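In what comes next, chain A is part of two complexes: it sits with chain B in the first one and with chain C in the second one.
The block that comes next holds the complex of A and B.
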């Protein structure tokens, strides 16, 4: 069946036409079968041209439209919208890239670039001969969002979504919200403390009736898809009845004989197996750490509200979309990495930040006053031999900011920074300048010649070949060595695995594209925010959470969703179920159907992501990807190959 | 003398929408010239390339086929490199059966900012194909 195809060749104001003879391209394709309209334009994307295209489509009764211009990453959506406004289906539009991949790539060879452009446009025409109007897959969506993780990013996202009138389920694995931000006192680039931020956000959360907070809760099962994710959530009990007598609770904590390291203070202090929230954490409540509780019964003797009969609950939630804000883990140095865990006065930056919060007038560590502090940078980041090749971005500023606060809070402090180059990017440079003005000393080493932390007698020494003093070997005796540790992905990635979320090279959760689609994942309906995606500071986490919440809202705001119909399709006559496609599909989108004596595969369109991984493994060539069929690809190849 | 007057092999590149195609775009943006007879077809994922498409390209006159793979950046699955590798191995077997040089099919991971690496690959592949022609 013949079609009526219109082709526009854009000059892009000379970006294309300076190197590609666009009139020659027009001449070469206007006699192609099915092409009824060819035009060159100065700027195809200009409003005036878009209006002209709409008119052309209607007046010439076009079936398909091709614009040969810039990369589809820039204007595919623009021209799809033009075709829709003119009454066509958006899948009857094709965008041929003759700028980035032709005129710019071959601006050293104008005749060659022109020939190349002709082939590219002819291939586009060959593809569009087979284009069919496609119906987006429409599904009902629940106007509810599950936000996983109630750190600063998750809390902020929950508030933003609630303000947009969504039902929000905020699910936090710990018994208290706030994440790592609750652990920090002073914050850089902010007048607020971590406690202030978390307190403000928590009380704002409580103002919204459409937010339900689940603490001590974890998603254990995921079924469904964008529009309707069915989540099973396990909620751990606190083993204490609601509204207990505060005096009895106080007594119960006193009599509890079990002491465990307090993770809130990075194990610098101990807490009981029955414990209250730290003042920085919310909600204010007491819980029993059942994993460490010995059930000795001492607390029950003094407090009527202790209730060991409470059972964990499994609840089912339905959400149209899921926003991951599951955060990071601070890097734990390996045994003896810069003396960690071997030398008693070597601690990490997060531990140091808690130590400052715990020490009032004097900075005391293990009974000794600390005056001379050595900061060793990039521990767990930019590892020459380890797995973590990335820069954690926040740590230079965090270390310098902390060193300034130490000087302001305590007397007689001397700070020595053993860096690999300071990366206090943007406005954070002011902290670096302030620290220099206050008299901090900066030394720098190469990646292949890192500083060494060692002990001589009862002294802790740090040695460096300092680049800044022509590689002189310098040695410093320190009262405390602070390892400026990186952010690493959560060790427990079980929830991300439930949703089959892809991870990047750095093992953080991966977005589709860091610039073009920075909060979306390849799993439809799942967005990511904050440090589960990579190292960020608090301001960056909040920005990303607002972006993710806007994107999440856009999925469900209409109550109905349109999915791209680019999915695999199985020819059941050719298929005889060999299992290969089922094995190859990373999303469990392929099911087996038995029909009499025959078995064959079927695709679940709402789960299929259109990756095409099932295509080449089929021994019967029974699978095609819509818009990438054998016919379309092979006819494109025919056109590109022609001399 | 124009660059096209030089000996240029005809190379078909299978790029991927989200990862390697942006790198190829950026190569153009940065004017990192590569041989002019390189043509690209973008697909969702490099693990979706069928052997029959590659064989069809040779049949129609392409000197070489290059899969600009997602590698470990694949947004769909961590196993992408392995799966694309299996496609290459399978196709090279088919090529051997037809007495074709299996080195006419190459694959390399091209990340979304790996423009220079892509251009290096194209130049070296073009050189190899031009010499062996």
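The block that comes next holds the complex of A and C.
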């Protein structure tokens, strides 16, 4: 079958034609089989030339178009659009790179560059002889979103998506929503407390009939793909019947003999194995911590609503897209890192923030009033020797903001900040300024000479070579040392692993492109929001969660999705299911089909990304990648390598 | 190892500074300072010492005296931490540390103590006058005697011991063991600095102020010598009398300009006035003007009937001599000069011993 191919050779204003003899290229390919039109142009991308191309395509009844010019990264979409405007399919366009790969690379060898350009264009022609118009793969997408994690980012995303008429499943691993935000009192850049924010979001969530909240719930299985993820969710029971008698419950908590550290207060306090939500948390209910419960039966004696016969439930949800908002863990310092867990009055910033919430008139830690507070910055961030090279960005502001509040709340507080340079970026600089003007003392150390926290007698001392004071060795006797700890990825990454979400070098979940595609992942249909992606403050988390909501909505808004048709296809006659492609596929896009006695592999077009990993492992050459078939590539190589 | 002490910053605030803790250590102040050198760098490090409370390091430092307050550091401070005002405060604080009586600190920190002390001296003068039945000749004789006794007494009992203390802090405690010849060499330049304050000329745009200050120093010193030691105004020579009036007039105008600048607050140096600053310039002015009036009344032969004028003059004179000179801002005349002198010894010593 003969085709009608048009070729444009761009001079790129001299960028190409200074080194490549474009007229010679034109002459060399004019007589190629199937080529019916050859032109050189000063700037192929110029508006006038684009219009001329459209006219040429129509007048010459072209089947395929090739532009030999710059990198396809620059103008592939430009010329695809030209062919589409002229009535062709975008896959009937090919972009041959004779600038980055030819003229710029071989500016020292003009005849060689010209020869190279001729081969590149001939290879393009060889490929286009096989080009077929392709239609995007269309799949049905369910207008439902699973939001994983009901912290501030997840809750905000759920509301945004529900407002756009999506069915939302908000899945929270804990028994209460709110995440870490529920644990904070005053929030910087805000007049509200963490409780205010979470309470507001929770009550807004309740207004939407199309939001279902699952607490104590965890995704344990994932199957399916963009448009239709099938999630199995395990929901833990509270072991208490709904709407119990409040007095009985109160008694049940009183009689429970089991005391465990309360993680809400970062282990500063104890709670019972049967416990209520903290006032900052929602929903308002009582649950039994079955892992720590000894089943002594004391609570059952005083409360009729205790029901140990409740079983965990496994439910199946179908969602068109999944939004990850699984949050962060606060960094736990290593044993004796700045005295942590060795010296009794060394605590972390999150603990300190809870301590302030728990202390009313006087700031008391372990029975002693606290006046002099030393803050050691960048603990778990910017580690010179450790793995965490990143800056957690929220912590400078959080520490300074907290220190200001401490000064305002209690009398005779003196704050000493042992920093490695203060990063209260953006509007948060005002807190640094306020803190300085209040008279807080800031000291700074180099990365290789961190401050030392040590004990002398019953005194706790912090020592620093202060680079702001001529590197003098200065020492402070502190009543309390607060380690300003970083954000680290969740220790338990099992849910992300279920979805094969990639992680960055910092072990946070990774986006496709930090700047241009900041909430999408390489797994189609999965977006990430908030601190599961990296350290963020609340405003930044909500920003990213709204961005992820918009992106998630775009996958499901039409009820139908268009995917790139460049996927692998299996010739079932050649395939005998050896399992090799199944093993090689990074996206789980290959399934086994049994047909009578024969088994063979099929590609799930909704999942396949056309990466080509399965091709070389197939012992029978049964797999071809659409638009990159063996024949196309071989013929291109022939043209490039011809003597 | 030095302990961090944030009490010092609180104490300094009582001596006049404010907001210096806003400093975020950019170092602009030191960069724009026209007097700082590589070896003697300030004012940023002084802010830092004050912030972390390196009291001893400030006490042994001469740097606050090496600053002549052009105010550039305050003008160019992006944080409005007013480093110039901190240096001014440190000079007050050092004055209180040099003063063995401790009265300096009391008068610098407390307006109430100032009022009390000034009233006490005024009462003393009036009691003295009453004791002498308000007899003018008797009182004037006593006043003249008082001038000489006060100058000698204040110098011997207060100023001289304080200079020794300054020397002890800045030379001995700083570990400088300079041989006698190093003390002898800069004596000439000591007097030049004392009477000309020529270091001010290296400050930016301070030429006119230097000139005014120079006129004041020379003018008041001349008046002091003339009235106290020489009694030249007793002469009948018309020329000398007219010259006396003229010189006095110039000195009063300049003094008034100093007060006026503090009221206008247009320059960094005159923006923030502490009681000690006001007392110094106002009492200087009052002392001169009353002396002038006394002289005028004598020439017009009407002082006999206006004995109150002489009493007012004597009160101001006594307050000046007993409070402002030994414990107040007047001391900067000595400390600045000696700071230049000691600094020269220290510099020569480090060159001498090859460090």
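Details
Everything that follows uses one rule, which is that the second predicted complex is superposed on the first by the 454 of 643 C-alpha atoms of A that agree within 3 Å, B and C clash if a C-alpha of one lies under 4 Å from a C-alpha of the other, contacts with A are read in each partner's own complex, and residues count from 1 in each chain.
The rule is simple: a contact is a pair of C-beta atoms (placed from the backbone, for glycine too) under 8 Å apart; a residue touches a chain by one contact, two chains touch by 3 or more.
This is a predicted model, so every value here is computed, not measured.
Residue contacts after overlaying the shared chain place A:133 against neither chain B nor chain C. By the touch criterion defined above, A:13 lies against neither chain B nor chain C after alignment on the C-alpha atoms of chain A. When the two structures are aligned on the shared chain, A:466 is found in touch with chain C, with no touch to chain B. Shared-chain residue A:505: touches chain B; no touch with chain C.
Of the two partner chains, chain B is the only one that A:630 touches; chain C does not reach it.
The wider contact with chain A, measured as residues touched, comes from B rather than the other of chain B and chain C. Contacts of A:416 after superposition on the shared chain: chain C is touched, whereas chain B is not.
Residues of chain A that touch chain C in their complex: 414, 416, 422, 432-433, 436-444, 463, 466, 468-470, 472-477.
Chain C contributes residues 1-4, 6, 9-10, 19, 21-25, 45, 48-49, 51-52, 54, 79 to its touches with chain A in the complex. Contacts from chain B toward chain A in the complex involve residues 2-4, 8, 10, 12, 18, 21-22, 24-29, 31-34, 36-37, 39-41, 43-45, 47-53, 56-57, 60-62, 72-80, 83, 87, 90, 112. Interface of chain A with chain B (complex): residues 71, 73, 97, 99-113, 115-116, 119-120, 123, 502-505, 510, 512-514, 516, 521-522, 566, 584, 586, 609-613, 615-616, 621, 625, 628, 630, 633-634, 636-638, 640-643.
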